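Two complexes follow with chain A in common, the first pairing it with chain B and the second with chain C.
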Partner chain A sequence: MSAATAALRRLKLSREVVLLGVLIVLMVVMSLLSPLFLTVGNLLNTSRFFVEVGLMALGMTLIIITGGIDLSVGSNVALVSVAVGFSYAAGLPLPLAILFGLVVGLAAGLFNGLFITLLDLHPLVVTLGTFALFQGLAYGLSKAEAVSDFPPWFAYFGQAYFLNVVPGQLFIFILAVVVVWLILSRTRFGRYVYAIGNNEEAAHFSGVPVRRVKLALYSGIGLLVGMAAVIYTSRVYTARGDSGLGLELDVISAVVLGGASIYGGSGTIGGTVLGVLIIATLRNGLVLAGVPSTWQVFVLGVLLLVAVFLNEFFRRREE
Partner chain B sequence: MSEVQTPTPAQSGANGTVLSRWLVRPEAPALVFLAVLLVAFSLSSDEFLSGSNLESILVSVAVLGTIALAVNQVILCGEIDISTGSMMGLCAVAAGAVATSTGGLILPLLTGVAVGALAGAANGLLVTLGRIPSIIVTLGMLYALRGVILLVTGGTWITGIPDGTRVLGTGSVLGIEYPVFVLLILFVVMEMVSRHSTWGRNVFAVGGNRRASRLAGLPIDRVRFLSFVLVGVFVGIASIIYLGRAGSVQTNTGTGLELQVVAAVVIGGTSISGGRGSTLAALTGAVLIGVILNGLILVGVPGIWQDAVLGALILLAVTTDVLRRRLLGDKS
Partner chain C sequence: MRPSDEPGTGRAATAAEAPPVFRLRDVTKRFGGVTAVEGVGFDLRPGEVHALVGENGAGKSTLMKMVHGLYAPDEGTLEVGGEATEFSSPRDAEAAGIAMIPQELDLFPELSVTENLFVGRHRPRTRWGTLDRAAMRGKARERLGSLGVDLDVTASVKGLSAANQQIVAIARALVGEARAVVMDEPTASLTEREVRQLFRIISDLTSGGVGVVYISHRLEEVFTISDRITVLRDGHHITTAPAADLDAEELVRLMVGRPLNELFTRSPHSPGEVALEVRGLGRAGEFEEVDLVVRRSEIVGLSGLVGAGRSEVAQAIFGIRSPESGEIRIDGEVVRIKSPQAAMEKGIFYVPEERRSQGLILPFSIKNNITLSILDRIARFGFVPRTERQTADRFAKGLSIRGGSVSDPVSRLSGGNQQKVVLAKSLAREPSILLLDEPTRGIDVGAKSEIYRLIDDLAKEGKAILLISSELEEVLSMSDRVVVMREGRITGEFGRNEADQERVMTAATGGRDRPAPAGRGEEAPEDE
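Right, the complex of A and B next:
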């Protein structure tokens, strides 16, 4: 038993080492493709883009560990962005508008969670429905218009530099990583998350409050989406109904690339952070190399498939 | 129609009335809802119930309905396919390219069907041999295929589809417009396949209880693989209807269609967890979506609310499905 867990630990470590290797190779390739890539300015600038995906990926990791999924995160970004922008345009003071946006994100997540737990529905169906619902609400409420006359200080969330080089939102991300990592690896709640993913029925009969844990997870990712959406809106300085379109692909790809099994039961925060970094490097490198953004979507789609395939392939070999 | 006969109290023996037997059919709530909507819309708008408007609704859901008939089989298997939007775009691009150089109907149709079948086979192989969940496979394919479209077209539109190819979208036979005709033919074919072929019955078995099906010796991988290929074939046929209607192909052709297709199937009454549903459910769902979108426009709701209505409908449909099963005491 202890030998088995030790072997498992080595294996987990080796997966993260492999990911780190992939990241380094990727960086070398990208720096060969573009001389601009391996500059401090560019690397720090890249972090500006991955913080939004990264925040959502943290929540998604826990959800995927329980064997669930949330397809609605991209649409929820749009909904929060519109909530912030248009409540501000309607006369709400900006701090309250931001707070309102966070509440909307949380409420959207709670809505998913209630649907999933009260009706015992698969998260896939519910979030496919809310994917369309949130997107549609964002379009409809914004009347397909944009708000961008924010006061200058709003740019602080997405465009501020610390000591002139380090993007401000990087600190929010690092803080979030530490908090979520502590929750997952050091608390009872974290053990519940793994227990549900390994065997939901067994967890239920062992006294794990399955529904409450799930409700907390889907609400939690809603709050993280809210934060990501505020940063996103501040970065592009515009609130529109199509903000965050397609971001769910980046988020799910990052988590799966980081080694979380789509069938639940395994996954780590460290792996997810590496997954986020790899995707950000890939995106940034492809931009610098002059590859059109539509191609990046193709690369990401294929990457997602390859990552899941390799994950399940190695998992089967372990068994 | 061809739903699995689950032994619910209402069905056991002669004590079930005709009405209660009818109400346990998967498509029953959708049909009732459809009837209510038809009455409501025809009362609030004079144009709604006119023959030409009703036919134009059917024409508008031909592409959606055709694909829904096939995705219905995938969902009955307990899987899902959300790659059909990009797949439709790719089939239309391939068929459109052939059409502009050769004209005629047969060659573009075969091209579209072949490209669709290939994409469907890729989905099926990744799901069965690759053992990757279908939601992830088809999510990845949704984006990857859109990338292929941009690669093939270089971002430009395909225009000037010759009239010979467009006949499936613009012509009519026996007084019925071709898109409606094709949809009805395919519906009858799928109804027969679903009821009378071995594969059709296996689909219900695999979706109802995969473990039991495997132990009973059913080829569960082949059953699922074929259902994904079928989606490709039907998407290919649908792409020719689309070409005929639109007369051109854009790089974003089919975007968002995958959501409408899944919505049509589950709104119609096929259970998203598989094993329970019918061909008529998929058709009813598609018509229902057409009626709702058309009715909303006639009543004066702006088109930007479409997605929200669609999402709310999906949630309403799955909720109805769960509540109805709890009411009928069916725990499966």
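Right, the complex of A and C next:
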């Protein structure tokens, strides 16, 4: 291994070390703000909130590496939530309603993907459109009503504990992290994702099936959104048209904070997981400290800007 | 071909006594660790045409950019009118009377001829302080008239022919008192008639005492127009001599540093079965009625001017652009190729002209670039195997890629080694038909010679090779057959023994009085 690659290795490590440092500092600050923060119960409970964001952030990482983006994930959560709740209310057995919800999530992602690849449109514009479209569809279909008369076992997805302390959905998340990490770092598909993000034209000339990869990515995030939406609906035990409102902000912030370049070409699952943890800690800590949710969004905005700045800083240092 | 009767050498002789317009003394320019120009001297006398020749990367453009104020020399001095001068920008150079017409014309296509002439220049004003458009148009007509052309000065530049755009660029450069004009490959996209018009303008300029630096790859033109010739090679000054004292063969030897037959490798190979056959291939606005046959163990050179549609045809065969008519046969079988993946399945590989933007993923390692096109073959259940590295090593060694381990990013390699990575990538796929688009453009002589040997070896192995090249010597020396394209059509086909510079160039430019290319006529609507 040459000196150049060793230096690059160190740099990559240092970015993740910086993120880990930020996480620890944040936890210390939060525990000073609230004595409740640094308790095992609270920390594990926090995971209830970040699993939903985390699942979507895994898919978003791959999409951002290709130089794309998906702004519609929050609205898609609402759509899936409504699909599950209202198909169940209409008489569909709950397991089928859940399956239907996952299919709706996948179909919504596929819809984005088809628009982006077949018409060669920019993902930002397409998903800004579907952001409104999915949201509108969710409101319209639910007529702004809510469904919450689910059978008790539905709570399993979002409220169950393993050994009385570990939230069940944490296992789903860990499994998803391992699978997506393997895909990105070990498979041909992962290599294609990086190739597209670094130079889409050269990837095309090299025989990379650019459209198929993108289609798979946008459909894949749709499926992850479906899973997140089912967990979310189970956790709050209610299906409503405003479920998941604004979650895209948390998701994109986590990915960018984790070091994925918004210009495409770079990003890691490890970085994204750290980004998710930082945002979850911040959210949870601010709640415990009694900061109103509107100001939480403000803090998140600041964090996103800081993340973009940090990325730029690291990128320039690499050059 | 010279339009004026006055012999060039005579003119130079009278100019020889005058002090030079500018003189570079022992200038050196480095970029990072790379020395682009080292200890080069160059001077331009009033009223002479001084040709500057050398291969791609020899340092011609770098040298002239130092004269034009774009770069400052790291060592050595620039003298203008006998005094040491330092330019901090092209504006300074232009103020001192040194104008440059770059290869890629820096015109604004959407603006009118008049507006282009006055961009960044002093513009006449009315007494209200607004632009005096009538006066601008008057001056524009006057200036173009002095070059002996009559253009509609209100027409937008994008509607003009390549030649007229060139003239607008010259008129723009001559605003103010130009004493020296540097022309970088001015005839690259001109027809023969247009070249004659350009030469007439150049001779008008020189008889008015203006010195012209003429950068060109076309040796015939160089001998026709120039009084003196300077040869650069790998950033070094090789010689400066009166044009009359050199001949083409000698000049080529000076440029490449060795006789041509040592640069190119050709061993006998006998073409076999037809591997690739194209019949009546067409795509609106790009090419039409293209017939092409490439046999096993055969190198077919595809020659023509820039923009003749050669790359477009190769890309259509490779599935990047879908042809609208005609058919493609591989080993006699009609195939429909809709994507590069499909083309690779059929044993075709295209090495693109744009190495950095189409051929390579620059931040990727050498290994990841070499294996990118074979991942579908070597992956097991979708996973990239560990043997990937050995595969990459094998091809990197086979092509003697120098400059790092296979884990290093290709962005750090020199142009020649980058091109070898692109070739390694294509060979890893083991294609039977190789479409090479300008495979030696912009790389050093050593790497060139290695690539020629490789191409020759591949042909010996039985591969069918289509060699697209704008370098005539390359096409003529390497090919078993030469096919020539012009404006999207095949205009000539010559066997190895019948192909020569003149025949190929005539087919490429369409001989003497060719009408302006379609779609670039001069009847553009007014833009105001």
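The criterion applied here is as follows: the second predicted complex is superposed on the first by the 316 of 319 C-alpha atoms of A that agree within 3 Å, B and C clash if a C-alpha of one lies under 4 Å from a C-alpha of the other, contacts with A are read in each partner's own complex, and residues count from 1 in each chain.
Note that in this section contacts are C-beta pairs under 8 Å (C-beta built on N, C-alpha and C of every residue); 3 or more make two chains touch, one makes a residue touch a chain.
None of the values given here were measured: they were computed from a predicted structure.
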Original post:
Given the superposition on chain A, are chain B and chain C in a clash or a fit?
Top reply: fit
**OP:** Check whether A:Phe115 is in contact with chain B, with chain C, with both or with neither, and answer first, second, both or neither.
**Re:** first
**OP:** May I ask you to decide whether A:Ile279 touches chain B, chain C, both, or neither, giving the answer as first, second, both or neither?
**Re:** neither
Original post:
First (chain B), second (chain C), both or neither: which does A:Arg188 touch?
Top reply: second
Subject >> chain A residues touched by each partner, larger count belonging to chain B or chain C >> reply: B
Subject >> Touching partner for A:Phe309 - first (chain B), second (chain C), both, neither >> reply: first
**OP:** Check whether A:Pro209 is in contact with chain B, with chain C, with both or with neither, and answer first, second, both or neither.
**Re:** second
Subject >> Contacts of A:Trp295 with chain B and chain C, given as first, second, both or neither >> reply: first
Original post:
Could you state the shortest Cα distance, in Å, between chain B and chain C after the structures are superposed?
Top reply: 5
Original post:
For chain A, which residues lie in the overlap of the chain B contacts and the chain C contacts?
Top reply: none
**OP:** Enumerate the contact residues on chain C facing chain A in the complex.
**Re:** 320, 339-341, 343-344, 350, 352, 357-364, 368, 372-373, 375-376, 379, 382-384, 404-405, 407-409, 412, 425, 429
Subject >> Residue ranges of chain A in contact with chain B within the complex >> reply: 69, 71, 115, 119-122, 124-126, 128-137, 139-140, 143-144, 241, 246, 249, 252, 256, 262-263, 292, 294-295, 297-302, 304-305, 308-309, 312, 316
Original post:
Across the complex, what residues on chain B touch chain A?
Top reply: 80, 82, 126, 130-133, 135-137, 139-148, 150-151, 155, 259, 262-263, 266, 272-273, 302, 304-312, 314-315, 318-319, 322-323
Subject >> In the complex with chain C, residue positions of chain A that touch it >> reply: 1-2, 4-5, 186-189, 191-192, 194-195, 198-199, 201-209, 265
